[in-house]
Every structure is written in structure tokens, then in C-alpha cells.
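Pasting the structures in now, so scroll down.
Presented sequentially are two complexes of subunit A, the first with subunit B as partner and the second with subunit C.
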Partner chain A sequence: MSWGLSRVTVRFGDATALAGVSIDVEPGEVAIVVGADGAGKTTLCRTLVGLEGIDGGEIRRPDRTGFQPETSGVWNDLTVMENLEFVAGAYGLATDPARRRIETLLEVTGLGGARDRLGRQLSGGMRQKLGVAMAVLSDPELLVLDEPTTGLDPVSRLELWSFISLTAGEGKAILVTTTYTDEARRGNSVLALDGGRSLASGSVAEVIDAMPGALFESARSHGPSSWRRGRTWRIWSPEAEPVPGATEVSPDLADVVTVAALAAEARR
Partner chain B sequence: MLAMTLKEFRQVVRDHRTLAMLIVMPVVLLLVFGYAASFDVDVIPTAVVGPGATNVPEQLPELFDVETADADATRANAEEMLRAGEVNLAVVTGDGPPVVLLDGSELFMARAAVQILAAAPIPGLDYVVLFNPELDTSAVLVPGLAGLIIVFVGTLVTSMSVVRERETGTLEQLAVMPFRPRDVFMGKIAPYFLIASIDIVIVLTIGTLLFDVPLNGSVLPLIVGALAFLFVALGVGVLISSVSENQAQAIQLALMTALPQIMLSGIIFPLSSMAPAVRWIGYLLPLTYFNQVAKGVMLRGAGLGDLLMPLALLVALGAVIFTLAVTRFRSQLRPARVRAAT
Partner chain C sequence: MRVVAVTALSKRFGEVRAVDDLTFEVGQGEIVGLLGANGAGKTTTMRMVLGLLAPTSGRALIEGEPVGRVDRRRLGYVPQGLGLYRELTVAENLRFSAEAFGTAPPDLAAEGLSEYANRKVGELPRGVTRRVAFVAARLHDPGVLILDEPTSGVGPLGRARLWESIHLVAETGTAVLVSTHHMEEAEECDRVVLMAQGRRVATGNVSEVISGLRTVAVVAGVTTARLDEIRRLGGTVLLSNDGWRVVGLPLSVVSEVVGSGTEVPATFEEAFVALSA
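Then we have the complex of A and B:
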């Protein structure tokens, strides 16, 4: 059975944080939610784990859901070991199996050498890995990780993704939010959010293939449908008409998300 | 400097709750404390016992408010009424001249009575100060001060417990864990409860040894009272923490609940001397009842039966605080259950 949201709407007063958003998270797979700051990623996570009420739609959530909040959810004044032991105790895990599971997680995350270090003494990468380990410890069917890689150095990001992939391999359904579009390739499916609305969803290939119009590259800007990408400019042509002085290029996910945002803006 | 000042002003103005406290609370506190700050004794609850119980009341000073006049009661009955705190002065009549028994644990009433008796002596009338014969101030203050110290230490410390979780983002972790709201509440206060229990033992022991405060009664009612009082004091801190947006607000709120307990719990100013509305605030404060229990046990040697009312009220306050905190936690930890989907 897949977990997730179906046409879920969440409002805070007059503001709509999520507008009819749907996402499926299959067991053994990683679903990525990508979007800029304020896109609604955290609200989506909080809604999925039951921390926000909904104004419409449906939530499919198992009894046991692991959650790592944006702040990593690590208790600063507990050691790595104490953080994990607390989670094990909270879920009523039996002592011996819990100890074995903790040791496995410490080994997999590379936190074994820091087991007696306080949460506040950990580096950003170690904190996030501990946060994910805490979320995984109770053996949840669904794991929700809110921006676990934000602010991490490239090596830490790689290590964390390796751990996430390993966890998905155990059959867990995992939802990960990120602001980095390059990370979307690590998931089985992707949902692009903007202003609480779904811009595009599906596998990365499907999302890229579904991009309307054509994409061109140029040395200079071409108005509101163009944006800087590295040292050159990308130009979106909604009707796929050639752009003078520009070369057609194949879009990647970052391009498609930007195009989707432009298209949504044009519709509004 | 102008930029810095402007930034600070903006931050202060944006924190509406703190701003309201800064502006409104001084006025409220001045009014409440102003009506509370009185050492004047207007009335002394009095019992008259013995064969002359019906004749003597008319001869007594106006300050002595005779609540009970029992011709069949004895001096032992009078002492029992004083020990239970039912009255603060008893006149024992009999074959000889009447004897006035004064409750020395109610310092200001006892002193007022002594002054009146000295100023306008009634022929043949003698008086005896019970429980605190020297009318020693520290003996009366120390039991209540022990509670006051616990209020400051316990309530302040626990007032930061939940708000700190919220600020560091770990409250969300607790929310998705299979905890019941009461588990979180009890778990929060448990370590502080143990530490504060040790604190109260230390403070009362030092008070007894250093300030010669007697321990005339059984420790059982004192233990029961102290445990109930600690539960309330720490629970108030956790409740404050659950309604505060940040640690600064929590500390301010905790101080706002601690300050009235100094002035309105009867430790410094007698409750009977306060304006009725202010006195009723005092009746809502846990320290009022802990003070009654501690003074009752330590000075008057009161037993469990004598202190049932303050003990029951402490337990009732504990139940109210527990219910409020758990209700608050329920909405914080399980908001999705509160806000129904349509």
C-alpha cells in the first residue's frame, strides 16, 4: 500500500499553504519534494505526519511514521547514544533488539565514534544523520525527512543519501524534501511545489518529458521568460518557436521546475 | 546608536505579550499589592469556652470577633481549636479569672491582641501565647519562605521546559512519538520534583537548625502538603511554558505568578488584613495553603485531621493545573486531531 496525500488543502487563516496537493510514497521507494523556500515543503511534511490539520483531501499514513523535522530533531543536551535510547524508550522497543538496532544505525551512519558526544557538539552532517537514525529507529513504514541535506557539505550530503537509499532498500516508504533540484534524481518520483501548489509530478524522466514548449540557451537575457543559469541564459519558448541567436538545449529538472513556475505564473 | 535603539524598539513593540506585561502589569501589581500591604489587624477570630462563655464576650475588645461561645468546652478544646487554626484567640473561663490563649503562629494577630490587652487591661484577665511564646518572627516566616523558595526555583526552571523544546524544534519529535499528553507532563516535572523535594527538605532542615524553628507536629501532613505543593508549583511552570512563545516570555510569566505569592499568600501580610477581592486572589495561590500546612505542623503541632482543608485545596489546585496543562499539551502535540478535515 502506498502512503501520501490526496488533493490535500491546508490553510492558515487566509493563506493557503497547500492547495489540493497529492503525492504517493511507495514502500521501498524515495519520493522527493522539491521547491524553493516557502513552497510548502515543511507544511506538506507536517501534514503527512499529523502535525497539521487539513481543510480538505485525504491523508494515508501508517500507524508508525518516522519524522525528522527541519531542525534535525536532535536533543542538544543529550549524547548521540542518549538521543537514540530515548527514541527507543518512547516507542517501547525491547532493550536487546533496540540496542542491536542502535548499534547497526551507529555503524551505518558512521556515528559510532561520536556516541558519547552531545547533540550540540555534532557537526551539521552528523546532526542530520543522527536525526534520520532517530526517525528510522522505530522501524516505521513511512519515513518523512524535511530538508535533511540543507546546509550540508557535499561529502555529508553523499553520506546521508547513501543512508537514505539503504533505508529505502529495507522496504520503507521515504519522503524527502529538498531545495536542491539535483537531488531529485536520487528519488523514484518527484513532486515540484511552488506557493503550495503542485507544479509537476512523476518520475524525473516523466516530469522532464512533460515540459511544455522548448528550451534554448543564449549569452544574453530574453525578457521575463529567461533566467540565468551559470554563465549563460536559459530561454523558455512556450510554443517551441525558435529564439533568434539561441541554441535549443535539453532541459534538466532544474529547468523544468523553473518553466513550471513560469507557466503557473502566466496562468495566474 | 540610533539604529540599535530603533531595532530594539521594533523588537519590543512586535512582542505584543511582553509589551502588554510591561505596561499593564505594573498597574495591576501596584493595585493588588497596595490593597494587600497592610499589617493592620481588623479582626481576630475568637472562641470563648467554659462556664462564663455567655457572659465574657460582651467584655472583650471589639477586635476579638467571637465566633464560638461554648459553655461546655474546656481549655483542652480551646487549645485544639487553636491548633486546628479554627480561631486565633481563645478565652477560657472557669472558677478563677479568665485566661486568654493566643496563637503565636499568627504573629500579627497575636501581637495586636497583646497590645490591646496591655493597653486596656481587663481586671484579672491573663494571657498565654501558645506555639510561639516569644512571638519570634523567623519561626513564623521560615515555613512559608521554604515554600516561596520552591516557587521561585521550581516554577522558573520548569517554565522553560516546553518552550525550549519548541525553540529547538524537538517538540515536533515529541508530537509524533506515541506519548500521551499526561506522559509528557509527568515526564517533564518528574526530575524537578525529585530535586525540589530535596530542596525543600534542605531548606526546612536549615530553618529548623539555624533559626530554631520548632517541628512540633508529625511530619506526615508536612510531607503530604509539600508533595502536593511541589506538584502544583512545578505544574504551573510547565503550564506557563506551554503557553509561552519564547523563553523570555516564560520567565516573565513565571515571575508574574511568583510575585503575588510573596505578597498575597499570608507569609508577610495577614490574609485577614487584605481587601476582600485581594484576599480571594490569595485563596487561589498554592503557597497560601502550603504556608498554612507548614506553620500548622511546625509551630502548632497540627495533625492530618486539623489540616484537611488546606491539604484538600492543594490537591484540588494540583488537579486543576494538571487538567489545564494536559489539555494544552493535547492541542500542541496533536493539533491535527483538533482541527477537523472537511
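Then we have the complex of A and C:
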């Protein structure tokens, strides 16, 4: 059974935070939600785990869910061990199995050597790994992680992704949000979100294939449908008409999400 | 022309060497990226270049002068926390910065910020506040612009636009020093300085940094015990979508442990991990 949202709408007063958004999260797989700050990623996470009410659509959620909020969920004044024991207690886990599970998680996350360190003394990477460990401790069927890699350096980020992949390998359905498209390739599917609306969704290859029009590369800017990417400019031609002086290139996910954001901006 | 010249710069906090014997330069119109893990010393370096923190030894010169004697108007800075007043509106924040530097407030329409002019900064999305901070930092047309993780939390289009602005500023001759730990942004820089534990571990453009570095790709079907053995021998094991990849060990060693392996060029991210280890 896959978990997720079907055409879900969430409103806060006059503001629509999610407008008919759908996402499937399959067991053993990682679904990525990519979008800027304010795109609706946090609302999507909170809705999926049941912290926000909905104004339309349907939620498919298992009995046991794990959630790591954007702030990591770690208590600053508790040690690593106390944070994990507190969560185990809150879920009413039996002492011995909980202790064994905590030891396994400490080993997998590499936090074993820091078990007596206070939450406030952890580096960003350690903090996020502890947050994921706390979310996964109760053995949830669905794990929801809100921007776990924001602010992390590449080494910590790779370690965290390894931990997430191992957890998916245990059969858990995992949803991860991020502002970085390069992280989307680490998942099985991707949903690009902007202003509470779905811009594109599917496997990375499907999302790339679904880009309307064509993409060109040039040494100079070509107005509002172009943007800078490293040394060159990317130009989106919605009707796939050739752009004088520019060469057609194959888009990657970052290009496709940028194109979708440009198209959404043009509609507003 | 050298605008920023950092020579043998070091900073100790007690026993910790936050920055250790660091040397690099930023030329006129050049974008230099400072890359490193959390705690590698990027922010400490920037604060010393700005004259906000005294080095333990070494020096930072701006156009040949010690930074302490440089007119503040030659420097522009966007800190990680952005340095804006959350309770003031966008227009008020920018007027405050303009008056502090004795310059005229910006044309909000030209900056694409008119619709936010009367909104409090604390109520705006991060992407917009980053743009406001960027405008505030270059109101006085500084010769040096220092940006500490300017794109953190910004989406793809916002990031592309922000980098577009950074390139435009550099094209007017401003020397730009920017920190990031997103490898895809390294390509936006003319040169990068890779830092680990306060030291410079590599410098050059992206292709120079990764040239010669190899990764051993070990595809699926490897036991955890064997991966642990690779780690014990000093290799870093990374999970990719097509299996495991090992950096930091030669193919012969990896093949001996896991029985197979192919050598492939490292990605910039993998080079970073190998050089930071």
C-alpha cells in the first residue's frame, strides 16, 4: 500500500498553502519534494503526518508515522541518549527492545561516541542525524523528514543520505523535502512544489521528459525566459522554436524545475 | 589586480585552530568561492577579511592596505543571518543602510522589490529577504563584496537569479568572496578555495580541483562487513543511486576487499569528501 496525498488542499484563512497536491510514497522508496522557501513543503509534511487539517482531498497515512520537523526536533538540554530515551518513553516502547534499537541507531548514525553530549553541543550534521534517528525509533511505516539537509556540509549530507537509503532499505516509505534539486536524484520519485502547487511530479526521468518546449544554451542573456547557469545562459523556448545564436541542450532536473517556476510566474 | 590578499592568516580560539595558515587572493571582478564543511573556518575567515575579528597571525589586505585602516564603504557584507531588522519594512531597512553609508536609498522597482516595500522583513519568505540583504550590502557600491552562504534555503529559480546578480556585480569590477557548501554552486565561481579544519586543502577552478582524483565504483551486492573493512582502511564509502562508491583508497585495495570495482572520475562532491577527510 502506498501512502501519500490525493488532490489535497489546505487553506490558512484566505491563503491557500496547498492547492490540489498529490504525492505517492511507496514502502522501501524515497519520495523527494523539492521547492523554495514558502513553496508549501512544510505544510505538505505536517498535513501528511496529521498536524494540519485539510480543506479537500484525501490522505493515506499508516498508523505509525515518524516526523522530523525542519528544526530537527532535538532537545538542546538533553543528551543524545536522553533525547532517544525520551522518544522511546513517549511511544511507550518496552525497555529492552528500545535499548537494543537505540544502540543500533547510534551505531548506524555514528553517534555512539557522542551519546553523553548535550543537544546544543552537536554539530549541524550530528543534530540532523539524531533527529532522523528519533523519528525512526518507533519503527514507523512512513517517515517524513522536513529539510533534513539544509545547512549541512557535503560530508554530513552524504552521511545523512546513506542513513536515509539504509532506512528505506528496511522497507520504510520515506518522504524528504529539500531546496536542492541535486538531491532529488537520491530519491525514487520527485515532486516539484511552488506556491503550494505541484509544478511537476514523477521519476526524475519522467519529470525531465515532461518539460514543455525546448532548452537552449547561449553566451548571453535572452530576456526574462533566460537565466544564468555557471559560465553560460539557459534559454527556455516554450514553443520549442530555435533561438538564434543558441544551441539546444538536454535539460537536467534543475533546469526543468526552473522552467516550471518561470511558467508559473508568467501565469501569475 | 589583487583586491583581497590573504597571507598566512590564522585564528586560534583557545586550543582550536579555526583558521590555520590560509593564503588566497581575490582579483578585481573575480568570484572566489570559499568551500568547506560546517566548522571548516569559512565564516571566521570572512570575518577576518572584513576586519570584524583580529587574526592571531598573518594578514588580510584590501587593495594593499591592512583591513583595519580601510574605509568601511569599500566593503559590502551579507552575513548568514542577513543582518536585517525584522521589525522594519523592506524600504525602512534599505533607507537605514543607505543613511549609514551616506548614500541614496535604492530604486526598489529596479531591484524588483516594489511589491514588498512596505512589508516587514520578518514576514517575508527567505528568498526575498536574501535579495533585500544583497541590495543593502551593495548600496554603497563597495569594491569588495563578501557573501556568507547567500543561497541557503532559496529555490532553483531564486538561486539562479541571485547568482545572476552576483555575476553582474562582479562584471562591474567588484571582487566577490562567497561561501557555500553546495557543490553545484562551485561552478559559478571563477576559482574555489577548499577548506578543511581551517586549512586550505585545494584551490583552482572546479575541473582543476577534481583533475586526477578517482573514485572506485563498487556496485551493489557488497556486505556491510566488507564496507566496514574499507572504512577501517581509511576509505570513505558513499551511497549513490547505482550502488556504492569509495573515495580515498586505490582500486587495488578496494578490489582485494570486495572482490570487484571499477575506477571512474570523481564528482566534485566526491573530490570534496576525499580532500576534506
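Simple rule for what comes next: the second predicted complex is superposed on the first by the 266 of 268 C-alpha atoms of A that agree within 3 Å, B and C clash if a C-alpha of one lies under 4 Å from a C-alpha of the other, contacts with A are read in each partner's own complex, and residues count from 1 in each chain.
Here is the rule we go by: a residue touches a chain if its C-beta (ideal position, glycine included) is under 8 Å from a C-beta of that chain, and two chains touch if they have at least 3 such contacts.
Here the structure is a predicted model, which means the values were calculated and not measured.
Colleague: Examine A:Ser162 and indicate which partner it touches, taking first as subunit B and second as subunit C; both and neither are also allowed.
Modeller: second
Colleague: Based on the superposed arrangement, let me know which partner A:Gly57 touches: subunit B (first), subunit C (second), both, or neither?
Modeller: The answer is first: A:Gly57 touches subunit B but not subunit C.
Colleague: Considering only the touch criterion stated at the top, classify A:Thr258 as touching first (subunit B), second (subunit C), both, or neither.
Modeller: The answer is second: A:Thr258 touches subunit C but not subunit B.
Colleague: Between subunit B and subunit C, whom does A:Trp227 touch in the aligned arrangement: first, second, both, or neither?
Modeller: second
Colleague: Does subunit A have more residues touched by subunit B or by subunit C?
Modeller: Partner touching more subunit A residues in the overlay: C.
Colleague: Just which bits of subunit A does subunit B share with subunit C as contact spots?
Modeller: Subunit A residues touching both partners: none found.
Colleague: Can you list the residues on subunit A that touch subunit C in the complex?
Modeller: 34-39, 123-125, 150-156, 158, 161-162, 165-166, 179-182, 185-186, 194, 227-231, 254, 257-258, 261-262, 265
Colleague: Going by the contact rule at the top, pick out the subunit C residues touching subunit A in the complex.
Modeller: 36-40, 125-127, 152-158, 160-161, 163-164, 167, 181-184, 187-188, 237-239, 241, 269, 272-273, 276
Colleague: Which bits of subunit A are touching subunit B when the two form their complex?
Modeller: Of all residues in subunit A, those touching subunit B are 46-47, 49-59, 65-67, 69-76, 87, 90-92, 134.
Colleague: For subunit B, which residues count as touching subunit A in their complex?
Modeller: Per the stated touch rule, the residues are 168-170, 172-173, 175-179, 334-342.
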